[in-house]
Amino acid sequence: MKILLIHGPNLNALGKRSREIYGNKSLEEINGLLQQHAGELGANLTPFQSNSEGDIIDFLQKESGSANGIVINPGALTHYGYSLRDALVDTGLPVVEVHISNIHAREGFRRESVVAPVAIGQICGLGWRSYAAAVRFLVSSEKQDVY
Amino acid sequence: MKILLIHGPNLNALGKRSREIYGNKSLEEINGLLQQHAGELGANLTPFQSNSEGDIIDFLQKESGSANGIVINPGALTHYGYSLRDALVDTGLPVVEVHISNIHAREGFRRESVVAPVAIGQICGLGWRSYAAAVRFLVSSEKQDVY
Amino acid sequence: MKILLIHGPNLNALGKRSREIYGNKSLEEINGLLQQHAGELGANLTPFQSNSEGDIIDFLQKESGSANGIVINPGALTHYGYSLRDALVDTGLPVVEVHISNIHAREGFRRESVVAPVAIGQICGLGWRSYAAAVRFLVSSEKQDVY
Amino acid sequence: MKILLIHGPNLNALGKRSREIYGNKSLEEINGLLQQHAGELGANLTPFQSNSEGDIIDFLQKESGSANGIVINPGALTHYGYSLRDALVDTGLPVVEVHISNIHAREGFRRESVVAPVAIGQICGLGWRSYAAAVRFLVSSEKQDVY
Amino acid sequence: MKILLIHGPNLNALGKRSREIYGNKSLEEINGLLQQHAGELGANLTPFQSNSEGDIIDFLQKESGSANGIVINPGALTHYGYSLRDALVDTGLPVVEVHISNIHAREGFRRESVVAPVAIGQICGLGWRSYAAAVRFLVSSEKQDVY
Amino acid sequence: MKILLIHGPNLNALGKRSREIYGNKSLEEINGLLQQHAGELGANLTPFQSNSEGDIIDFLQKESGSANGIVINPGALTHYGYSLRDALVDTGLPVVEVHISNIHAREGFRRESVVAPVAIGQICGLGWRSYAAAVRFLVSSEKQDVY
Amino acid sequence: MKILLIHGPNLNALGKRSREIYGNKSLEEINGLLQQHAGELGANLTPFQSNSEGDIIDFLQKESGSANGIVINPGALTHYGYSLRDALVDTGLPVVEVHISNIHAREGFRRESVVAPVAIGQICGLGWRSYAAAVRFLVSSEKQDVY
Amino acid sequence: MKILLIHGPNLNALGKRSREIYGNKSLEEINGLLQQHAGELGANLTPFQSNSEGDIIDFLQKESGSANGIVINPGALTHYGYSLRDALVDTGLPVVEVHISNIHAREGFRRESVVAPVAIGQICGLGWRSYAAAVRFLVSSEKQDVY
Amino acid sequence: MKILLIHGPNLNALGKRSREIYGNKSLEEINGLLQQHAGELGANLTPFQSNSEGDIIDFLQKESGSANGIVINPGALTHYGYSLRDALVDTGLPVVEVHISNIHAREGFRRESVVAPVAIGQICGLGWRSYAAAVRFLVSSEKQDVY
Amino acid sequence: MKILLIHGPNLNALGKRSREIYGNKSLEEINGLLQQHAGELGANLTPFQSNSEGDIIDFLQKESGSANGIVINPGALTHYGYSLRDALVDTGLPVVEVHISNIHAREGFRRESVVAPVAIGQICGLGWRSYAAAVRFLVSSEKQDVY
Amino acid sequence: MKILLIHGPNLNALGKRSREIYGNKSLEEINGLLQQHAGELGANLTPFQSNSEGDIIDFLQKESGSANGIVINPGALTHYGYSLRDALVDTGLPVVEVHISNIHAREGFRRESVVAPVAIGQICGLGWRSYAAAVRFLVSSEKQDVY
Amino acid sequence: MKILLIHGPNLNALGKRSREIYGNKSLEEINGLLQQHAGELGANLTPFQSNSEGDIIDFLQKESGSANGIVINPGALTHYGYSLRDALVDTGLPVVEVHISNIHAREGFRRESVVAPVAIGQICGLGWRSYAAAVRFLVSSEKQDVY
């Protein structure tokens, strides 16, 4: 099972940006932890980060054919990335939207996700474990013994 | 570690109500799966369900003193249960809000959660696995090897 | 044919509360008139009143299995009782929402019914006869000669 | 007792238009059933349909002097027919607003009735029986033994 | 100087409809007073009333070529008569909008006029004298000694 | 008959400010024309202008006891002068609100008058003749032969 | 193939009304050009214009049975003609909404079309060619070689 | 004089919940201070607390017959307790709404009180003295020498 | 202890203005009663009234240095007096906002207070006793035996 | 005549994405058909697609100097691409906005176009023929015999 | 070159009011620094401060005839001073609006400026240097070598 | 001192685009003037322009480590560039937002800046001098003798 693990704008700065909100781990550390976790579950992660909406769409179009699911933290594109939203729909893959922080408890504009309506679900506020829960969920759809 | 597992109005009808939305498992089955899962993780669940907001608040006031975290699916109280919200804050415990369905992709009124701003995070759309991910998350704050 | 006849908060005060709006008949008198009328039509009414949303949901869950329809005046729960709404959907029964007064000609908040979208129809403003019309309608779905 | 029975725009197409919403009966059949039913109750119906708001106002001005009540399904004028609303007030007669479908469970714009605030009550969602219930109610104000 | 004096829906019922709001004079009496007043000022009135927006537009298209100004009380069309608004613009004539009652002190929907933005001015609340003031104003644009 | 003629902020600049909107006449010229016109009708005007809401309220409290009516152009206070509104109500006198320009055809904020709901009527868009029409109207309530 | 070509209120004034917006061609000229164009494509147009919403609904009810599609410029009814909207749905025919001007670039109220949600598409801003494009489209659904 | 002293959801946790907002006194202490104060003024308090809206309504219906006034802190029901509002109206007693904190300086949802429009007045932000001021006020309506 | 007692626009008309809302006592009588009451509690009142927002700000800037608290009824400035709000904050003193009438039960615009968010609390609807309760509260912060 | 034919994000996936909405033709097929069609009309198309708003702006800045018109389907940028909008204005060329589907009959957010106010017109819902109609329109401005 | 330097309500308290927002310099110090800076640039400042909107309008009317530009910090009048806005327009002078703090990053009501639409530009958040930048800008329109 | 000078989409077209709004100077000329001015003040500018939000974020992440401040004109990204906003926060540098035109006096959408809440201040409407004032301000934080 192959899962696309997508990080939107500014998430390459994890570990440096507002740590009280986003935690201390760098994106490389998080990707490492997730790949190890996925490996144990028998899954394969393809991580990707870009600060450009267009590049993420290009990536989705190129890679989605050989993948089985998508875990995405759209960063601030969450709130206006309608093109990204359409690209996610076009993949035909199950999408789980994740956020490190609880976007429902922050500034007003962060409560509105334009991606959520086309995702299977949304996980937020669990720190980097939001990603882990999403990966597990996608695996569980193939492996009944994974919760 | 003791976790309060709270189900709001109508969730005692799981397995019978709109199965295309909420799945086939009964509340008892879900509680059973979750308790088994929690047990494997070394945690202890105290499930509670009520159709009355007042009863849930009573339960929270009585039980929160001996607990370490709360997993709650507030049912439709999600959208107007300001008293429940205040009671959750008063416990001083970490709260994870869960929903079986993706509330962001349903009727407009279901997109607004009055509970989310006082929770650590929200997980929705993963079916009964929304609960499982929430339990895992609460355990992971104590056990570093749990993702 | 068995019909659940449900009265929400404060309706047990009928006959005493704002008579210029709600009329002079007590809830007992109204229930009596309706039962007599239903009897003539060959139907059976099970009346229930509570000031608590939770109790009404409990009643619906317990009684709906043996009933054929629901006539409900949700009282002020009309405007925020999303849990009641979900419970009504869960019964799988035809629901007719009634109001003694014309809720569309009163304060702004009374014009919005969160129950109406899951009911077959809504009858308001006919005084206690709003109930009578609802009962007749439910009977007519079984008896073609009843208008 | 003489009752004006008014049907707004497009209701002359009943029986042909969206049957899953409006039912299979033609306007003539409905008028016939209602006249028979009214006759049994000792009342007299004067049916009128027009696709033009102005014509309905003309009719109201001409006929209301000799009538005792009005049953009206304003069709889509329900949502913007402020002139019709004023004309109904001017008659000084009791008005019952009816709708075949449950307008509260359809598109957003159909939930707002500009006529309801000047009516005695509103009945919707009972199919053609919405009219029947309205007629019975108007008769009951004269005949105490009619529910 | 020829002035079109247009009365919208329900204004033919003046003298009978809600007298505490609209006064005791009939439309005929008002037209008479205005024609006398206009005559003294050397102007000529062409009165027209219809309950139908379409008829008023037809009238405007036919008569505006030979007229010098328009005094219009659009009745409830004030609030939604966008077609009437377009027709008034098409005449190329100066338009004064009048209302017998103070529309800014009544129900919320009456405060918004879709006609006002294409009129020279609006006069409301002066009873039938709202018309008289409008007629005087149009005359004053030709006769400098009329206030 | 004594009428208070009140001009709000910036109206002392009439004749100099945006002439395409407000015309070429100075406030003194307008007051002169109005006093002459009022004199012919047998009425007496007491003009007052201030750029300060507080001063206008002071004036109203001091002078209203000996007056029979108020003509007021509140200037931009029209849109937020709630204290002025209260002061006008406190006088117990009939108030006619006037505007030189058609406030309903300008910027959005100018369409809302907080004064209009406590006035008898509103006249706008007739240039300085808006005042003249208001004065005539107040006189006509005492002199039946004035239109 | 027979196409109903419907023009709403004020469109009979084309060629005379605001030419900078609506162009110089009269409605007769436009109908002529369109009929010639349709003829070349093997289609047949039935033009109709009225200033009255009710008359357009009457026309639709009478003619739609023998037609294959509708091209409609609802004029200002675009913004409030809910009865017209219902009538268009009732025809069961494909509807293309056209506007001569770009309604999305004019006053705010013109951006909202109550007709668009029940049409196949909307064409605006192409001048009279908006109609031509709509006719071609309807023909192309029958003739594959027509673009 | 007998006054009902009602505390809504979560107020039984006073002294423990967010002390920086609600202060250090327990509900028992506050009730004690108020009863002592009322005693000195010659009045009698009947305190009641519940986390359930239904229970408060039951209490009001049972006790209001023998009482002369109501002091109520509705807790979070302030913002959505329409059933409670109706019950308060039904008592026919003077109601004073109190809040320990200044609800107008907190989250947006706390600024809207659905109870206030049916109360005589509202007192907030004075800590437990909000209750004391309300009690004094109710007593003062009987005893002229109490401020 | 010195308390500034500030009355906003139109409050100098108390006793004459709408008595059914504001009561029969004049401002002088109220000031007298309050000064007597304050004297008994050992406090000193400095009353001030103005119809001008600017004058009230001047007074606050000059007098607040020597005062210990502020009781203010901002009159209609409550709803738009942002400058007054800033001036109150600048004093650094505890502020209690009072209203004679229950502003939450009147016109919509009166429910919004721009002052409340910078006050300690708000008291409304108790007639002139709203002031008395505010004075007592400010004194009680120095004298523990005053409720 | 040279026309820029611009496709926004995700349109390179045409033929694969939601075919019931967007049809079966690939972007290459559509471009081919359009180029053939344009050739027959004597015009020249320069197609361009990108998933990045920035790249489209770069393209517009480089190519618009030698072009005569623009046909653009902005994809989801339609709803938030204010930078694209500014770039279109800067070209000084006539712009026709096209959409394959009827954006007015889909999700709410798709009804708002930030591009439409700066375009000549908008064509939607005609499938790939929306493009064809736009091309034809631009050609027709040069060639009178093209409809 | 003569520049009017206007400070609205509460700005005379600079140096004392909320220093963390408005800085430590008094208004006199700021005026001094600005006059020195303006002198070096060859310009002349006329400072004015008032807590009353009316007084500022009086000042503008009296002084604007001999001035070449206006720098204004309207204080809280920024958010509701429509009369001030009109007065600024009437001067016919270039206006630069300044704020010491970043009004776009504070309470919601501070983000809306009713003055900005009639100013040349707005400078905020630079502390007292917001004024300096505005003065330099006005001078630069006369002296090309000043940036 | 090193300052990043960032220009968003379409600003490379300065000097060509709508000159009546944006002026005649090209971006190169503006950058030249600013660098000269900064040089005189002892500061160093690093200019950057891109039409792509992603590229600007990349630039910020790479260059902010060695810079002391940011002057940014986000172009139309001002209104929806939430990713850019986050990137600006992540730099930890002082940011001044500038606009050539007065965005508060143009289309409604241009009045809302999503960047302003995370900037120190905003300068708009001064033409290219908006940049100059921003540069001076950043320098003044290091050099006390620069205003």
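Labels A, B, C, D, E, F, G, H, I, J, K and L are assigned to the chains in the order they are written; within every chain, residues are numbered from 1.
What we mean here is this: a residue touches a chain if its C-beta (ideal position, glycine included) is under 8 Å from a C-beta of that chain, and two chains touch if they have at least 3 such contacts.
None of the values given here were measured: they were computed from a predicted structure.
*Asks:* Would you pick out the chains that touch chain H and also touch chain K?
*Replies:* I
*Asks:* Tell me the fewest steps from chain A to chain J, where a step is a jump to a chain it touches.
*Replies:* 1
*Asks:* Hey, which one of E-G, C-D or E-F is the same interface as A-J, over half the contact pairs lining up?
*Replies:* E-G
*Asks:* Do the two copies chain E and chain G share over half of their interface residue numbers, or under half; same or different?
*Replies:* different
*Asks:* Could you give the separation in Å between the centres of chain C and chain E, each centre being the mean of its C-alpha atoms?
*Replies:* 48
*Asks:* Averaging only over C-alpha atoms, locate the centres of chain G and chain J and give their separation in whole Å.
*Replies:* Using C-alpha averages as centres, the distance is 23 Å.
*Asks:* Two or more other chains touching the same residue: where does that happen in chain H?
*Replies:* As it turns out, chain H has residues touching two or more other chains at 52-55, 80.
*Asks:* I'd like to see which chains touch which, written out pair by pair.
*Replies:* Listed in label order, the chain pairs in contact are A-B, A-J, A-L, B-C, B-H, C-D, C-H, D-E, D-G, E-F, E-G, F-I, F-K, G-J, H-I, I-K, J-L, K-L.
*Asks:* Okay, in this complex, where on chain D does chain C touch?
*Replies:* Listed in rising order, the residues are 33, 37, 96, 102, 104-105, 113, 116-126, 129-130, 132-133, 136-137, 140, 147.
*Asks:* Within their complex, state which residues of chain J touch chain L.
*Replies:* Contact set of chain J toward chain L: 52-55, 57-58, 61, 80, 82-83, 85-87, 89-90, 114.
*Asks:* Mind pulling up the chain F residues that touch chain K in the complex?
*Replies:* Interface residues on chain F, with respect to chain K: 8-10, 12-13, 16-18, 50-55, 75-77, 79-80, 109.
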